[in-house]
């Protein structure tokens, strides 16, 4: 996500599940859609069956996705940037880009500021002491008019196109093959197939998931793919795009709602402590257009923010107090979950809440997690299931070898309902908000999450009312006018985040017209105001529950265009658009690049078609407004400016635990120079001489994370923990299929059954044979399935430099037959 | 039949008891086996408490019969050695069937026909037991490949058919040859009967008188 | 439902014909192995719909689990990693009852009505009539039925006869995420298969074809195979399955022949008795012993 | 003797003859066959969304009971919603087995408390639970709340307690959770987006 927003403007799957059927080429890389998203994957098989699509899978393992692929190519885990960089080089050097698209809809023509450079693995501005970049040179040349300079001929040596070509020229097929271990002929075959989609009437979709994000350079892997898609002209097209397949049913929704350390709902951001002033805070975010005529939609930032504050604090939020600006906590750094556990480990965190989240299984380095949780004063777990986290203090033999009497943490475990026992909406990967209904009461005394939060909050508020205490204002003034305060109804909450008019809204064009009366639900975010006359809990969700009712519960599945955009099914943010950036599916004159994929078109007076235009509906073609309306420059970014931690162009860096001990591109800069590594975690990295095998963790199709080990039907399908190794490694180590093996890293060991397979083959990398060890997660010390080890016992505590997503996909282990 | 001078002992009480164990178990096996063999005979399962009980009981009854039969086999084995006279007897089998016993050579305790029956029964019994174990689904069938089970099913059916036919013949012979059943019921036969049907044995038992 | 009991083509161990005037379309399930990702959703849907739960077992060094069909698992995925001229192929076959037009199980079954074949082609077990002899296991050319240890009855895929009876597709078909399993009239399924085979051929699978073996009269569960010339690649799918000579003999010729032989024997004995009379002790010998009385 | 003969006659010959007649077509065996009763004939159907991955497949949940006052609904079967544009009735192995998730023996039923150093859970009431949690929060917040940073800037943050939000709870829960958490000044706030 943290790379899609810098590239396109929004951090979400560009297209949606059904749209995959429109693709001509489907690339699954950094993911395994067939196993992790089988029902979404059906649209891949539909594209193959009805569109004669070619399906490519690139993965260290021959996965279930590969089982139905037309082309499968192996690569070493963690080397995707090298592979995709090689692809970009191929596209540029073979002139397989969609020229018109690249010139008009990307920043290829933009001139980059003097001083920007890339040399021997580092971009300009690196500070080796802080492991951070001064990014001031990663910018456009701005003219006196305040607009970025461009060279339409793309010939200027400082233009993005030229810098891009230069940057990726190092990624030759031989270099790619040497780093990735992919046979050169296979690599070229993949490039050749992908290159066909540079034609305007062919598209490729890319489906990825945590196979990209869970690397120390995960965001840049995604960015490389996004850049390739821009070069091919596949973004905004039906059957195109870069599609992040989110892991959980509502992780898209909870991210949209900003439940992250530094975010507020709708991708608004919390202020930093260096932003004491509200005006400055807004000014920095309400981005002015960088090119003439651009929409630069974030210009409306203040409307979104003020409406949010009105929702949260009601009357207390007023212009006079900068809409309660001071009530918002100010960041000094980002407190992501890795940081939280580091603080816990240091004894700096006293209390922790886990709501429907099992970090003991999901965050790397279990030993460190147990240590941290044991240092807490209190832990509150809200969950439908008996998770490992809630039971971290229980001794379960070698699976969880702790001494309860030595753990002083108070643990309170609160039973919550599951999906079947409540009304509400979930946002899927394709940004659809879909409403669901309660089918039965919960077991025992379990309560919905909202009721539990209300119960805790009302008690806390009562205590502050009675006793006073530290800065009680936001708690005492939090708006809470639900009909039953201890049990806010999902319907009320949905109406609240959609937003409503707090005063009559008058049409600015015709003062005699009232758009909405006071108290009415908003139709969409276009109605938001920055004067406190509207309230909206999440601006991108405006339109979900309007005066017409619950738009998320709509169930008309008609698809008149045949492209799969069922506009009257549920509600998709933003503004019910199904394919983001769909203006880019038409050429400059407003004619679809491909008449078969007529998402939207200019009908002479407005934009219309099978989708809601992701564009100002009445702006004529030929006008300078460009399709990427969230970007100040209006175009997709090949050059990423200062939005990424490690550089404006992606560069291949090795995983922190690399089996080859070097980076063949620049041996002095081996791994991500901008990654955040805590001191003790650096010491816990293993070296290839002790841990010679590249390991990767993953999900298998039979299970869902650590939930389904509690369900009998799933436990039947894969009852017992196993790891996967290739036949060659098995032979070397004297391991037979069905043997019990021990796998260990510098952080701990697990024992599991060995599945020996032809599907994992040794790769030749930089003159070395690299074997992979595949480690499915899913087992633990609680559940109906056989007890097993939490796989994160093995994994390193380091995250991506932008998102702090842990590097679960590339680390080093050793393995032997368990001779017990 | 009185234990007088007119009679001689043909079967001891234990031989008789064992014979009837075999006979009864055979009847039960034949009825239950036929019930499972051809749908027309399926109603016979009612004698056993229905299809499931028939399936359960049949192999256990088979084991009882096998034990009983093997005891009978060991006690009659010596008496069933085929002699040249028996072969000659068999050569005249059509005459005796027509009721003409004049040209028949003298028989010992068992005539040639009875010895053939004995051999057939023993062979069938061995085949039935072996094939029966193979197709006994509850305990043994899972140990064998399906091809072996299929072969055994055929062997079981064919040998059972032969067995039933032979025993029908055996029973008919007992009915047709009047007073024979006395031997198996009471153990004794009239001297006249013995001389008529088993002259050599009669001589052996009485010294010719 | 009552009508359904009339829509029967064949019943096990029944010599009289079933009411057979109604003509319902023949149905079929088509399993396209080239689309199968081996997710096992069909296994779950099957257990969930039929209210069975297999045991939570152990890992055996492969992804298959449960390892084999059982009285609770009426379908299992079988995974084969095969090296062909195209490189590595992962051929994953959903195993289960094929619903033969000429079912070996039904032929072998001694219990009347324990196995029936509906006019729509489904071969169904009626456990209440099953006596647990396991003859169907012996008779099946695909090694499908499994005997329960709990109740000594035999179980297998019903092709969701209860769902099909009310006009729904089987549970496994409905759930299949990739559409590798489809369901319809047999005619439509053959047509669907043609399209799939053409697609596979265009992708270089020259030997793609349908598996609808004639040796058992065709089946109501069919496969689309990438390598139809080598069904054994798919975890030993038999090339030319048939009921087999032994089962044919056992359940075919042997039944009437043996019955008639025995009946003839009995009749012969009776006729012999009434024509030739009993074999009594001769008058001469009776006289000889007369004195002794 | 005569009687005995007749018995044999009856059992053997007679029995076989009648059986043979039966074999010619007069079988008395009656074989009725019916399919299993269709179990969804009358259920309460509820539309829902699969809580696992982000495909968000449509579900139809079938519950026992007709929502009459005295009947407690219990879900006994779940299958895909055929009208849903994405899954069109299909479900993956996890989704197809959702029934066993709802009825997992490891579902939590009551609030529970584990005291420091204890080796067991103690069942508590919701009131006790809310009391305990809010008291622990308030004590920690009052003690460690940072109103101004070292530079004297108002920061109003509470850094000693953290909150991990769910990944599968509804938007409505997420909305109200965010409201509550931010009102306390918590910054160590995260969800499962990363993992």
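As written, the chain order gives the labels A, B, C and D, with residue 1 at the start of each chain.
Keep this in mind: a residue touches a chain if its C-beta (ideal position, glycine included) is under 8 Å from a C-beta of that chain, and two chains touch if they have at least 3 such contacts.
The shown structure was predicted, so the numbers you read here are calculated from the model rather than taken from an experiment.
Looking at which of C-D and A-D shares more C-beta pairs in contact, the answer is the pair A-D. With centres computed from Cα atoms alone, the innermost chain of the structure is D.
Inter-chain centre distance (chain C to chain D, centres taken as mean C-alpha positions): 35 Å.
Taking each chain's centre as the average of its CA atoms, chain A and chain D sit 27 Å apart. Measuring from the averaged C-alpha position of chain A to that of chain B gives a distance of 84 Å. Note on chain placement: the centre of chain A and the centre of chain C lie 49 Å apart, centres being C-alpha means.
Chain B has residues 38-40, 42, 168, 175 in contact with two or more other chains. Multi-chain contact residues of chain A (touching two or more other chains): 38-39, 42, 701-702, 712-714, 717, 784.
Across the assembly, chain C contributes 13-15, 39-41, 43-44, 48, 112, 129, 177, 179, 259, 262, 266, 269 as residues in contact with two or more other chains. On chain D, the positions that touch chain C within their shared complex are 12-13, 16-17, 19-20, 23, 25, 27, 29-39, 41, 77-80, 82, 87, 89-93, 95-97, 99-100.
Residues 44, 46-59, 61, 63, 72-75, 80, 83-88, 90-102, 104-119, 121, 126, 129-138, 140-142, 144-145, 147, 149, 151, 153-195 of chain D touch chain A in their complex. Those residues of chain A that touch chain C in the complex are listed here as 34-35, 38-39, 41-42, 44-46, 48-49, 52, 62, 64-68, 70, 72, 700-702, 712-722, 736-739, 753-759, 784-786. Interface residues of chain C facing chain B in the complex, by the touch rule stated above, are 13-15, 110-112, 129, 131-135, 137-139, 143, 147, 152, 244, 246-247, 249-250, 254-255, 258-259, 261-262, 265-266, 269, 272-273, 276-282, 285-286, 288-289, 292-293.
Interface residues of chain C facing chain D in the complex, by the touch rule stated above, are 1-2, 4-5, 8, 11-16, 39-41, 43-45, 48-49, 112-113, 116, 124, 126, 129, 158, 161-166, 171, 174-177, 179, 256, 259-260, 262-263, 266-267, 269-270.
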